[in-house]
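If you scroll down you'll find the structure; I have some questions about it.
For clarity, chains are labelled A, B, C, D, E and F in written order, and residue numbers in each chain start from 1.
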Amino acid sequence: VKTPTKTIIQLITPIVTRGMRTLDEVAPFLRDDLEIRHSLLDLGPASIECEFDEALSVPDTIRKAIDAERSGANAIIIDCMGDPGLHACREAVSIPVLGPCQTAMHVATMLGHRFAFITVLDRLRPMIDKLVATYGLRDNYASFQAVDIPVLEMMNDPGKLNSALADKALTAIERDHADYMILGCTGFIDCANAMREKLLAAGRDVPVIDPIALTVHMADALVKTGLSHSKQTYPPPSMKHIAGFDMPGLSAYGR
Amino acid sequence: VKTPTKTIIQLITPIVTRGMRTLDEVAPFLRDDLEIRHSLLDLGPASIECEFDEALSVPDTIRKAIDAERSGANAIIIDCMGDPGLHACREAVSIPVLGPCQTAMHVATMLGHRFAFITVLDRLRPMIDKLVATYGLRDNYASFQAVDIPVLEMMNDPGKLNSALADKALTAIERDHADYMILGCTGFIDCANAMREKLLAAGRDVPVIDPIALTVHMADALVKTGLSHSKQTYPPPSMKHIAGFDMPGLSAYGR
Amino acid sequence: VKTPTKTIIQLITPIVTRGMRTLDEVAPFLRDDLEIRHSLLDLGPASIECEFDEALSVPDTIRKAIDAERSGANAIIIDCMGDPGLHACREAVSIPVLGPCQTAMHVATMLGHRFAFITVLDRLRPMIDKLVATYGLRDNYASFQAVDIPVLEMMNDPGKLNSALADKALTAIERDHADYMILGCTGFIDCANAMREKLLAAGRDVPVIDPIALTVHMADALVKTGLSHSKQTYPPPSMKHIAGFDMPGLSAYGR
Amino acid sequence: VKTPTKTIIQLITPIVTRGMRTLDEVAPFLRDDLEIRHSLLDLGPASIECEFDEALSVPDTIRKAIDAERSGANAIIIDCMGDPGLHACREAVSIPVLGPCQTAMHVATMLGHRFAFITVLDRLRPMIDKLVATYGLRDNYASFQAVDIPVLEMMNDPGKLNSALADKALTAIERDHADYMILGCTGFIDCANAMREKLLAAGRDVPVIDPIALTVHMADALVKTGLSHSKQTYPPPSMKHIAGFDMPGLSAYGR
Amino acid sequence: VKTPTKTIIQLITPIVTRGMRTLDEVAPFLRDDLEIRHSLLDLGPASIECEFDEALSVPDTIRKAIDAERSGANAIIIDCMGDPGLHACREAVSIPVLGPCQTAMHVATMLGHRFAFITVLDRLRPMIDKLVATYGLRDNYASFQAVDIPVLEMMNDPGKLNSALADKALTAIERDHADYMILGCTGFIDCANAMREKLLAAGRDVPVIDPIALTVHMADALVKTGLSHSKQTYPPPSMKHIAGFDMPGLSAYGR
Amino acid sequence: VKTPTKTIIQLITPIVTRGMRTLDEVAPFLRDDLEIRHSLLDLGPASIECEFDEALSVPDTIRKAIDAERSGANAIIIDCMGDPGLHACREAVSIPVLGPCQTAMHVATMLGHRFAFITVLDRLRPMIDKLVATYGLRDNYASFQAVDIPVLEMMNDPGKLNSALADKALTAIERDHADYMILGCTGFIDCANAMREKLLAAGRDVPVIDPIALTVHMADALVKTGLSHSKQTYPPPSMKHIAGFDMPGLSAYGR
């Protein structure tokens, strides 16, 4: 295994809406030996709030993953807390593909005891429960919390969002005995420090995971170690006719 | 809840290849009060052998499910043992959507103690393991077995296929203590009786599930009882822009 | 496997009290091709509220099951939410024997995510918890709720019962995140629709299982598919002397 | 809590066959402060080999348990590795009721890591698996082994039995990584020492539980500590009509 | 296996503070055939409240265990609810080594359904959760409760302590559905009867385990049965250089 | 959270034997922005092969951890696959403390499906099983394998060791369906590439984790992200008298 001197990470935001993710947000992580490239989808939903939205985001996410590997990326991050297409992308490429949800849940389990997942909408609860079961971490999952603030309002009043997030975190800690917080929306990118400070002020020395920051550094660590997902678990798809997905990136598979 | 006098079941085969599923195969289940309609996909893979193939089959499977509900079907069956798109389709429609894998695993657990899943390719093992975990049935899953016969050979020599299936079933019973068999490929539609007879001849009175036959009757039972999936678990998708999937069936959602 | 043109289901109510179950209650399920026969016990308890009562109900339940198979029934349902004698009856006969509790819990798990069990008495909690563990469904069991209304009062004021049931269901949904309701008493036979309507009125689109209706249709589906319990799991009892149970129906075994 | 100066343990052998259990067998455990009384059933099966047999043994086992408590016993042991009627007897009496299977499995889990259960017949496997699940010890259950020697042959050739038991124990240790042995038949009462010696001779320092010896001493320990089963878990049966079980011992309940 | 006519139990209190455990406290358990010997540590912490304290208590606890076996003890009890050094001591000696936490949790699981652990400090929650997981009893663990009274105050006002303990027990029963209570501090040695009476007065017939009383009698039962921990699980340490622990008791190992 | 421009990682090898770990072994991981410092113990065992050895290694490991934090390290790695003292060290310091076993098991679970742990001695099996349970990863643990080659022989014939390791890995893959390999001894530091190549040559594209390399990069990633263990889970020890451990590094606690 030869590790690159510079790690190139491709961040694939699996929606078609421009402007919701900017490279400014990941600028703090950049180093001389770390480059982050960004992709948006060409076909798929405007945002992801349910399994229906996820299903429509996956085909083009796979295409972007194949493109990323061909363009020299060393690792791929799917920029959504539902980890849509994680397993399918791992079949399609050999470089490590990480989901921020899986990554955050494993790190929270390692460094704490029982984690809380704090997100926007209560309707995501069954999806997250299913992810936890699939990832094998049910015994370390203490609490699901949703702030249930409309997205627009959330954007316009960050103070209100931060207060609501801290309130939910305290409930997770005090009622459900959670001891590690996961921000369950990749759009909460500036909220980790604010939540951490509010918890410390309430006498709770509990870490807060900003999943994208963590996953970027974890991807870099895996690249430096020379590890990827197992191709025994995720063997490449066999060649076959695929109707309607005959885009360049998929030309190896479809026609 | 008013139950229909006739149950209409839509069988969606989530691939684009014509001729692999014929209505002749389901003819034995038809009754005066049971109608089976069939859909193939317009876009998607030629066959399903991995998560990549599944991912590409889901968008059009959802469309066919929406079409089926609009056309008056009372229940939907996704005709593939990976249950692709099960959760997304349940969000998109209100009539019951069943996957033959989930249905067979629950019935085997109810009527036996530990089931075996016998399929074509060993590479499906991690996918099936993950489905079992998601369905919450890990403690009742005794054995995964694959015959590993190429599909063409399988088609040309049904005797060889049946012998291989029975051998794997006996291994599952004798080494892994399985006591209920699930045929893990919806293409094994004529194999259940042959396997059952071979097992009886070997002194093993172990039932064999033909998943499509079972799922058709289960769907009928749910329609007669007036039950469907919970919309608390599977709330409808919210309206939003969806790029590239603006087909008629999805017009309520995309544009 | 040859399936009958008409399904005959034997409903065994495992108590000695006449009049608590009438065939009127199952009349809505009858069809030209579905016959329901009913048995009461000759020896056993007046009602079932604990493991002691269950234990005394099982010997004669087995006898009635053997009688039913000899009289041509195609399937047997044990009409009690504790599923008393389920395993012993499956050893004694070859036709499918279903318990409404096991059936309802599996169907709720298939179609929802986490079910609630709502019954009369809080003292049943450990029994139900043990059944859930035996059935392997612990991870899908969200809530046990008891209305704790005396039986007589329950009979005399169905409105009060229905309100209490709906209140408990809302607690299960909102506090325990249940998304599928199981009526945990076979005497709640008219309550499912009322509860469903009250939940819809409260903005909760959550299905409610009437276990007898569901189990009748499930038994019919299994008969039509040609499936029964595994005799590998439930081998027939060997012949031996049995003192004190020398009734006709058991003559093959006792003396 | 006042502890008696002498512990009286009632051993209820839940079958009707005389001579299979003699007080000679428990003589080694007797002390000045420990008395063992013995009961056989008046109604029930000649032996217990399946759930059907168990079901027929439970009603009279309960009656004997009630009799024992009334006669001044301090603890009850149900002398069968299926623990038939354990929960129902605990409802019927307040003195501790122990099953040798549950007791042996918990002690093996405490003192080892993963236990093996070695018994006569392979057909008991699903019953034992279900007991393990009900007792919550699935993660500590390494191996089920059956010698499959007919009972008569077993009686006539103890050397053959002991060799077969030791062979199965070595398989459990070497293939399944068990590290504590449970003799899974209360009739194996002289076999523990022989197995232990054979294992030591094979270089395996693995303890062997004779369940009756262990359960007698455990019952004594609970009596001395003043502990019994929780009546919150096992509340007494409510008074009601019971047909066909109107024997003296049950007069408080039936009529 | 030859069992002694008198059982000698060594109670090792794994701290250096004199006077916190007196033999008066265990006097009620003494009998003609039961002797209890007591050890305190020479090096280690003044009290145990966290994993750091435990870690510092273990080396000398092992030394005291080796001493005890050499001096003729038949069993060892580590007198702390964190069971510090349980596994290491079992490697170092052949006589049974019991921890009161493991013992109490298994007995509560056997005789009840779901236990509560009631202790002094809330900070012990993760430690106890981890012990439960290691002991394989997660499914039977209903509730962790802490009175959070400073130790000095606790000593000075036993009435206040008993009221706080009973309040927490009622919360565990009524909110968390616990049905067996474990006193989670070996210093609560006089509190079991008071709690039991308060619970009975509140209509809750729930047993309360005083872990030291129980573990003394359980150790005696194991000695009488001739059982110890498995040396397959706990093989003796191999001889090697050990720096800094060259005390007499360890001379077989260190130098 | 301010992240350092250079990460300083303290590698604590928890034994007293000089020369078994050299900084040459970690040289490949060094970068301009990554410094690795190394500590050996002053008191403790010569090597770690059981829980007894671990227990004696922990007190001085804690002292070295406290020293490391005071000397400006940003993260600590305990250089032993038993992760001795992981929880106690996390109480004693605030910088992240990682164990290579926990880290490797979580990463293998994330990137594969079911991992194998391949080590030197079969006697470590119960210890590793218990670690897996404590870490909550039991469902992802496929196989424990031991080469059982004496350490000296292992050192002298690396070719023999590599062949034995690859054989065990193939058994884990083919019989136990493992798909990610963990080298279970921190002394196997040069073996990962050789095993990976042998597996590829056998047609198995399965990754192999060298735990120290991985843990170094993971510690760096956590430092860069600004995350540590939760002090809610691992609160600092309270001040108290500690006899016999009054060394400088512990002066804050002992006296």
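Here is the rule we go by: a contact is a pair of C-beta atoms (placed from the backbone, for glycine too) under 8 Å apart; a residue touches a chain by one contact, two chains touch by 3 or more.
All figures in this text were calculated on a predicted structure; none of them were measured in a lab.
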Of the chain pairs B-F and A-F, which one is connected by the greater count of C-beta contacts?
A-F
Chain E-chain F separation of Cα centroids, rounded to whole Å
30
On a C-alpha centroid basis, what's the spacing between chain A and chain D, in Å?
53
Find the geometric centre of each of chain B and chain C from their Cα atoms only, then give the gap between the two centres in Å, rounded to an integer.
27
Gap in Å, rounded to a whole number, between the CA centres of chain C and chain A
44
Touching two or more other chains - residue numbers and ranges from chain B:
113, 126, 130, 133, 136, 139, 179, 233, 235
Which pairs of chains touch each other?
A-B, A-C, A-E, A-F, B-C, B-D, B-F, C-D, C-E, D-E, D-F, E-F
Contacts from chain C onto chain A in the complex sit at residues 113-114, 139, 177, 179
So, in the complex, the side of chain C touching chain D is made of residues 16-17, 41-47, 49-56, 58-60, 62, 85, 87-88, 91-92, 123, 126-127, 130, 133-134, 136, 233-235, 237-238, 240-245, 253
Of chain E, residues touching chain D in the complex:
1, 29, 31, 33, 96, 98, 102-103, 106-107, 109-113, 135-137, 139-140, 173, 179-180, 193, 196, 204-207, 209-210, 213-214, 217-218, 220-222, 224-233, 235
How about chain D: which of its residues touch chain B in the complex?
125-126, 129-130, 133, 138, 144
